[in-house]
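Beneath this line is the structure, given in structure tokens, with notes to follow.
We call the chains A, B and C, going by the order they appear; numbering starts again at 1 in every chain.
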Amino acid sequence: MAYTLQQLSDLEELRTLKHRYFRGIDTADVALLDSLFADDLTVDYRGGTYRVRLTGRADMVEFLANSFHSDLVAMHHGHMPEITFTGDDTADGIWYLEDIAINLAEKKHTSGSAIYRDRYRRDGGQWKILHTEYDRIIEVIRPLSPDEQISAHHLAKAGRKPHERRDISHLIHWDEAA
Amino acid sequence: MAYTLQQLSDLEELRTLKHRYFRGIDTADVALLDSLFADDLTVDYRGGTYRVRLTGRADMVEFLANSFHSDLVAMHHGHMPEITFTGDDTADGIWYLEDIAINLAEKKHTSGSAIYRDRYRRDGGQWKILHTEYDRIIEVIRPLSPDEQISAHHLAKAGRKPHERRDISHLIHWDEAA
Amino acid sequence: MAYTLQQLSDLEELRTLKHRYFRGIDTADVALLDSLFADDLTVDYRGGTYRVRLTGRADMVEFLANSFHSDLVAMHHGHMPEITFTGDDTADGIWYLEDIAINLAEKKHTSGSAIYRDRYRRDGGQWKILHTEYDRIIEVIRPLSPDEQISAHHLAKAGRKPHERRDISHLIHWDEAA
């Protein structure tokens, strides 16, 4: 029941695919992000105070480009993949997230973890993310302290400025209490 | 001295084994955890303010099920494996932990890192954890702040409630000062 | 375009090389660190409030041995490699760092993330780090709180004590404002 050479190669490509996703969101690399998703992608992210549901690559890229904006100080690291092949060109993946998101406009610091359950499909020779969903494991929200100095903040330059952002309120639902 | 195809396949399985351990503890997935350990497992976890020493799969699963309880907000991420084969069916592994543990009953926030030194053995075709130990690299303990809102907490549902917990004081020694 | 068996084996060795780097710095394992770099290594680390530029294995090891000293509480985790072969014995690598550095002498807590862009070369059968650079993605600096108890601190024992440290001010430039 050992992995074949082809499967070992595919595991490397599948890991790299997801690694690029996390680097892409934190650096607002929209062209990179656009290359990672199947056209018929489906998404369901269940956060502690929000839920994101959308369909299609275009909406996902627009969602990400507007979420990882110039007022967000963001770190998203995906860890510990458990990948299972379901066919020659399809696979499932479990990943475990750690994230920090500091919203400078709202002076709000959110950190936590989540477990992803993804599906991947090889489209035209390239592995793509076909479905992605997560549930929060922990999430902690607190005010940003005046003692905290933000001494590096890549999205300030790379992320969308207020006048460049589009309305994505149809893609994300925030809890009233949040 | 390159890895063989069999070894490359085993490396994937060994990584997944440990990935499941970390997902299992943070989600209180006792059935998953029970599948990961050799019957003759030995454990020695040397924390900053505690030490865990035990023998055998049953005690380990009981220890974990009672440690990752409904009052604990927990994130345990294992990183950067360095795996060395010591035989066809045995291997050693070094892993580097990052963890957060918020005890809501004690209002205590503990975070830190540790380096694991593990041994693995293939039992009946399946890799198992045969020995695991760690030393803390850093550990920081502070009171939980009233400003911190826990907006997601998976173990509240999945972890053992107070009346379900068993006494594991014979498996863990806490420093007096802690 | 799948990876060959040799490349899959090399990917394992390249990952382990970088994993050892992170373990080496946080444990002040100078002998381990010395084994990881090419003699003609070049380094350019661009932090939020500092910049490190140096050439050569000897200067790198001296820089690291003096930076990860007995007053530093340090966690450096490298994640999510994206490795590309550029020849039989050369490769490029992208890594995504998460780090915590608490300077006990200055009562200063720095945490953040960075993206590395490395080059590797096989020298005498062993992969070595030939070039490494990073840019900060986020960096947050705050005073260490009196509420924070450091309950484990490996570098207190393993790191260089004040009288053992050498002047590395020619290798690192600190911003005036920092």
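Convention: a residue touches a chain if its C-beta (ideal position, glycine included) is under 8 Å from a C-beta of that chain, and two chains touch if they have at least 3 such contacts.
Keep in mind it's a predicted model, so treat the numbers as computed, not measured.
> Between copies subunit A and subunit C, are the contact residues mostly the same numbers or mostly different, with half as the line?
Here the answer is different, because the shared fraction of interface numbers falls below one half.
> So what angle, to the nearest 5 degrees, turns subunit B so that its CA atoms land on those of subunit C?
A turn of 120 degrees brings the C-alpha atoms of subunit B onto subunit C.
> Using Cα averages as centroids, what's the distance between subunit A and subunit C in whole Å?
Roughly 26 Å separates the two chain centres.
> Give the residues of subunit A that touch two or more other chains, as numbers and ranges in rising order.
Within subunit A, the residues that touch at least two other chains are 5, 8, 79, 98.
> Inside the complex, what are the residues of subunit C that reach subunit A?
These residues of subunit C touch subunit A: 1-3, 5, 8, 11, 47-49, 79-83, 94, 96, 98, 110, 112-113, 115, 135-143, 178.
> For the complex, give me every residue of subunit B touching subunit A.
5-6, 8-10, 12, 16, 18-20, 22-23, 26-27, 73-75, 77-79, 98, 100, 102, 125, 145, 147-154
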